[in-house]
Amino acid sequence: MLDFTEESLKKVLTRYNVALEKEMTPEEAAEELYPKDELIYPIAKAIFEGEEDDVVEGLQAAIDAGKEAITLIDDALMVGMAVVTKLYDDGVIFLPNVMMSADAMLDGIEFCKENSDTAPETKGTVVCHVAEGDVHDIGKNIVTALLRANGFDVVDLGRDCPVDEVVAAVEENKPIMVTGTALMTTTMYAFKEVNDKLVEKGLNVPFACGGGAVNQDFVAQYELGVYGEEAADAPKIADAIIAGSNIAALREAFHKH
Amino acid sequence: MVANRYTSMAYESADEMSFGKTKHPVKAGLGLEIGAGYTIPEVNYAPRPEAGASKEKLVNEYERITTDIMQRMVQVGFPAVILETEHVQQMSNNPEWGAEVAHAQKTIMEEYHDEYGIKCALRHTIGDIRENRDFLQLRGDKYSVFMEAFEKCAENGADLLSVESMGGKEVFDYAILRNDIAGMLYGIGCLGTLDMDMIWSDIAAVAKKTGTIAAGDTDCAQANTAMFIAGGLLDKNLAHTLAIIARAISAPRSLAAYENGALGPGKDCGYENVIIKAITGMPMTQEGKTSTCAHSDVMGNLIMQCCDVWSNESVEYHGEFGGTSVQCRGESLAYDCALMNTALETGNEKVLRDMFMLSDRYRDPQGYVLAYDNAYKVGEAIVKDGDNIYLRAKNAAIECCNIVEEGVAGKLSISRFEAGALKDAKAALDALPDDMDQFMDDCLTKYQSEVKVFLPENYGF
Amino acid sequence: MVANRYTSMAYESADEMSFGKTKHPVKAGLGLEIGAGYTIPEVNYAPRPEAGASKEKLVNEYERITTDIMQRMVQVGFPAVILETEHVQQMSNNPEWGAEVAHAQKTIMEEYHDEYGIKCALRHTIGDIRENRDFLQLRGDKYSVFMEAFEKCAENGADLLSVESMGGKEVFDYAILRNDIAGMLYGIGCLGTLDMDMIWSDIAAVAKKTGTIAAGDTDCAQANTAMFIAGGLLDKNLAHTLAIIARAISAPRSLAAYENGALGPGKDCGYENVIIKAITGMPMTQEGKTSTCAHSDVMGNLIMQCCDVWSNESVEYHGEFGGTSVQCRGESLAYDCALMNTALETGNEKVLRDMFMLSDRYRDPQGYVLAYDNAYKVGEAIVKDGDNIYLRAKNAAIECCNIVEEGVAGKLSISRFEAGALKDAKAALDALPDDMDQFMDDCLTKYQSEVKVFLPENYGF
Amino acid sequence: MLDFTEESLKKVLTRYNVALEKEMTPEEAAEELYPKDELIYPIAKAIFEGEEDDVVEGLQAAIDAGKEAITLIDDALMVGMAVVTKLYDDGVIFLPNVMMSADAMLDGIEFCKENSDTAPETKGTVVCHVAEGDVHDIGKNIVTALLRANGFDVVDLGRDCPVDEVVAAVEENKPIMVTGTALMTTTMYAFKEVNDKLVEKGLNVPFACGGGAVNQDFVAQYELGVYGEEAADAPKIADAIIAGSNIAALREAFHKH
């Protein structure tokens, strides 16, 4: 069977991912970012490692040591998750880590709520859906996971979601943002309908759209549309909204093409 | 019907395999013999969104597409072609739509065959419509419509019957985003195979009744989903080492079609087809460097190594400077085939095969495992416990890990991240039970509680 | 400057030639060495019509295109790429537009080169704007704008300078629709070469001044026009035997670029480049089976036989399921190159070259003559009278006829119609004078009276 | 060097043109179609062969024998050209033959006019042009040659033709049809402008459009548009117009896709 020498191999292809890999291991990188507080540290670390049991254990220990359960959401869980998000954005860790950390975080939040009387304050609610007629929901699942991981409440309307259901969910939940995902050239037109009905009802909430079939030029055609290329853009757009960006400003920042 | 499980390999050795040649060629359509010493282009297309507005518009769109392709083939002197129509939802949900499209296409193909003698066949790939908005409904109301779609198309001109079926997907979708190897094994290897056994014995019966060919299935819904999420070298959504484990597990799953009466050519997007060819000796369609219109991959040449039919996966019908998109892609495919056929006729197929393979062998762990020599090894691991659908899937996964590890000891370089994912996967696999029943029970309990859309009745549990 | 005519071949024999290797590699751009043992994809694109609305839109469109291509190349692990921007009219008519586009593209390419180490270069192909509505104006007012366009682009980032120039086209357009061999010879071989001598000594001077590479020209306006009119096997607008005579005559015409300081890589659509490579030993870009987006041809594999750079000719920028059109085509090209590079690295380039060639050798008389062994013979006929631009073109045409005749005596089958056209062409060639001055005088008189748009002052007469 | 056996060759490619070639030579096929009249026969044959001198000689002989010069246009020249057109449509002869025959025919018509006092009646006038901004004129040249070959008067506006010039030519020449050719996606939009200005002025003449960039769907968008795939369709469309077809009927007949 034919084979290359090492020398030959380099001339035919380049494994850019291997060539570019960061010096530090993910664990080392995370270690540098964890908070030093000895009660918080184990919780953040457990979030990073995606170990729900350890998260709960850490929370219990902190509560036992006198911390207020509800404040631990922001002070421990979100801090741990911020480490995860940063390392994902930097390309040090991959999506499944984020998903598992997010799962662990949600368990943690649940635990804090159970151990507290006050309801936690979230950064805001986001309504997510996959366009009517479209069952491709992996992209949407990633988007919801990353939004949750960044402290947003998510109302997940699932896939193949009728236009009217999206509009109704907006009326009901008063989200700071709606997201739509479409992977088929036939289904993405539903976004325009969603937009029109929202505008008609005076619900001028930013409508972030993405997914394989969707492109910036298409999204820029309707008033509320903001195009997002990668799932990781979704929490960034949401954060920008909280920070006061209007749709024009969002487009300025996220329409890269 | 009880599935005839494979417990041995069709080829004595990996080196016996090549593109264009099979142990069991398939006669189909108008004069074609598939896998009988030559490769054939298979052109795939998607109608423009606006063409779906009515049945008339849709039929008209497919007529144009068919004429365009046939016309280009004779213009450039290509002796054979296959057309694949992947149903849009309306065509499977309303079987008479699919039937009318098949009839219209076949009429045009017959004219060309009569006038020019060009050999050709028509594949219809029925949409797996067995789902509603929230759940898979594999055995529900839609099953009879699903089967009717196969039958009506077969009666009206389709020569090759295929589907990209979805059994196991609910569990897989959950597992793949969580590095959950047991879930992948359960979704693809166990649930997927159970569903395959059911639908393919029925599809094969339709084919028998209508005198057509049950061609084959692909694990598009799972292994390809993993491959897509894994993406290019710089994407960070999934380790490529995990994507290739999903692929290895998909081989015994897609194999079930052939164990229930399918004859090939296997469907284009089944990158697992090379393993299946090694086991069955049946012809396979593949797609790669000439299907960039539909997706990017990291083994565009390698995957040509043992193809019998060569496809562009899908291209939306539209104009390009050089003609319509189907003409452009069809011509590129046909030239690729002309090259392979030249190699076959001059006795150079093995060196060409090796060059295809080698050019991507070290590009990515996925290509490394699918290189025909390694793919053959995965096949051996499968047939070793061919009668046990759990064990053979687990074997495939373990062999896949071993192959990557050996590769890394040699010229395959993987990122630290990929290596870590591989190590964790290997450990997870080692921790699994040897007993199928136990595994099935464990998983049923676990995923019923974790995956809310998983309905055991879909699998007859 | 006086042209340095070629009177001998760069290679001892045809068999010495291969893809990816040249006698005179060219260093260009960011780390590239062209023709130095590996092949390189060259991606070509056309902006969408609406992008031409303003300079800002156009620059933005090219920025997107550039980023898309570079991104895909690193995603799939390809080590090198060339981008070719064929100017739309506005960019050459307003040299600062072209310059801004070049600058914007190069900036992005530099970023990728810095971050990933990917080797790359930028070709700008200036539009031949030397015409008004009714006439060619080769030496008129627009000449200085034309040269300024080269200079501005070179100063702002273009590494390789090209053009598809049009000298001789008025006479050729008339002749080709009338089976007029003398007119073809006059238009391409004589008028074309005279104009080439003029512009390429000037372009080479610009390249020298700006530290860039004068890359080469193609006889797109004539030989390719003939090829297009000839069309596919079933078209009946022009005998393919005449189209290949036009091609043979175009080789000495396009050769003039290299005789005036161009260094290669020759431009993609010059199917005559294989002959020119045999004569000059310089690297050449070619296009074929992967440029179906831009045109159909009957030698899609064969033309890869000796390419150094491999192009898709042109694709309009738009979305496809698999990414944008430039990403899709770029990836296909890069895989083709990976295959060729694998052959080069494993010492199999000659067998792959031969398979490319053989798969189309008998598809059409055009491919037959351009098969590297026959192309080499045409080259020999040219250099035999290399100093006489008329005789060398005539030699090329006669050698072409002889080669086809030999082919027909063997395995090349041509239609009676093609055979008839060949016979008539041969007779017409035999009837031509040996003396250049006489031929030039005869033609001047004839075409001045028959072709009302032919202005002798375009050629300094 | 690698080579095929004859057997192998057949498996890799098929020369459909050679395989399908008609039994008869073009000359034999033409012979069957020439009119038998001994004065007309040599003229028709000379047209087929594209020999202007022989055409003129034959016409002179016919006039000497008492034929009326102007009637020879229809009775001899057009008859000879009909042979050429039929054989081209049947795929027996190729375009250059048609071009050369058309040149010979035009010389013949010229000669007949010179030898007569009455003006010949033509089938009608057609205005041809290449879209503004586009220099690709070979398709248009073929179209004009085939129209002339079929007995139409052609006003050839050349390439890169401004919209207003087309409209002016229509006002002046009262053609039965206008043709447009465009090979670039950027230039074909000019057809729509031509259409609009014609409609505005009430000049509802069929506007046949073709050329590489143009497609049926585009042409069907404006009122007067009729799409033609091949140059040979142009005289057929013109004939249909004379026979009374309106634009809807023309589309019915020529929009094949």
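By written order: A, B, C and D. Residues from 1 in each chain.
Operating definition for what follows: contacts are C-beta pairs under 8 Å (C-beta built on N, C-alpha and C of every residue); 3 or more make two chains touch, one makes a residue touch a chain.
This one's a predicted model, so the numbers in the text were calculated from it and none came from an experiment.
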item: Centre-of-Cα separation between chain D and chain C, whole angstrom; value: 32
item: Whole-Å separation of chain centres (CA-atom averages), chain B against chain C; value: 40
item: Averaged-CA centre spacing for the pair chain C and chain A, given as whole angstrom; value: 50
item: Contacts with two or more other chains, residues of chain C listed in rising order; value: 46, 74, 77, 233-234, 316, 321, 338, 341-342, 346, 348, 351, 355, 358-360, 363-364
item: Interface hub residues of chain A, defined as touching at least two other chains; value: 2-4, 9, 12-13, 15-16, 20
item: Chain contact graph, described as a line, ring, star, complete graph or other shape; value: other
item: Those chain pairs that satisfy the touch definition; value: A-B, A-C, B-C, B-D, C-D
item: Touching residues on chain B, where the partner in the complex is chain C; value: 46, 72, 74-77, 231-235, 288-298, 300-301, 314-316, 318, 320-323, 327-329, 331-332, 335-336, 338-339, 341-343, 346, 348, 351-352, 355-356, 358-360, 363-364
item: Residue ranges of chain B in contact with chain A within the complex; value: 15, 46, 49, 52, 88-89, 131, 133-134, 173, 177-179, 225, 229, 233-234, 236-239, 242, 316, 351, 354-355, 357-364, 373, 411, 413-417, 421
item: Chain D residues touching chain C - in the complex, by the definition given at the top; value: 1-4, 6, 9, 12-13, 15-18, 20-21, 25-26, 88, 91, 93-96, 99-100, 103, 133, 135, 137-138, 141-142, 145, 158-161, 185-186, 189
item: In the complex with chain A, residue positions of chain C that touch it; value: 37-38, 64, 74, 77-79, 115-118, 319, 321, 338, 341-342, 345-346, 348
item: Residue ranges of chain D in contact with chain B within the complex; value: 2-5, 8-16, 19-20, 212-213, 215, 257
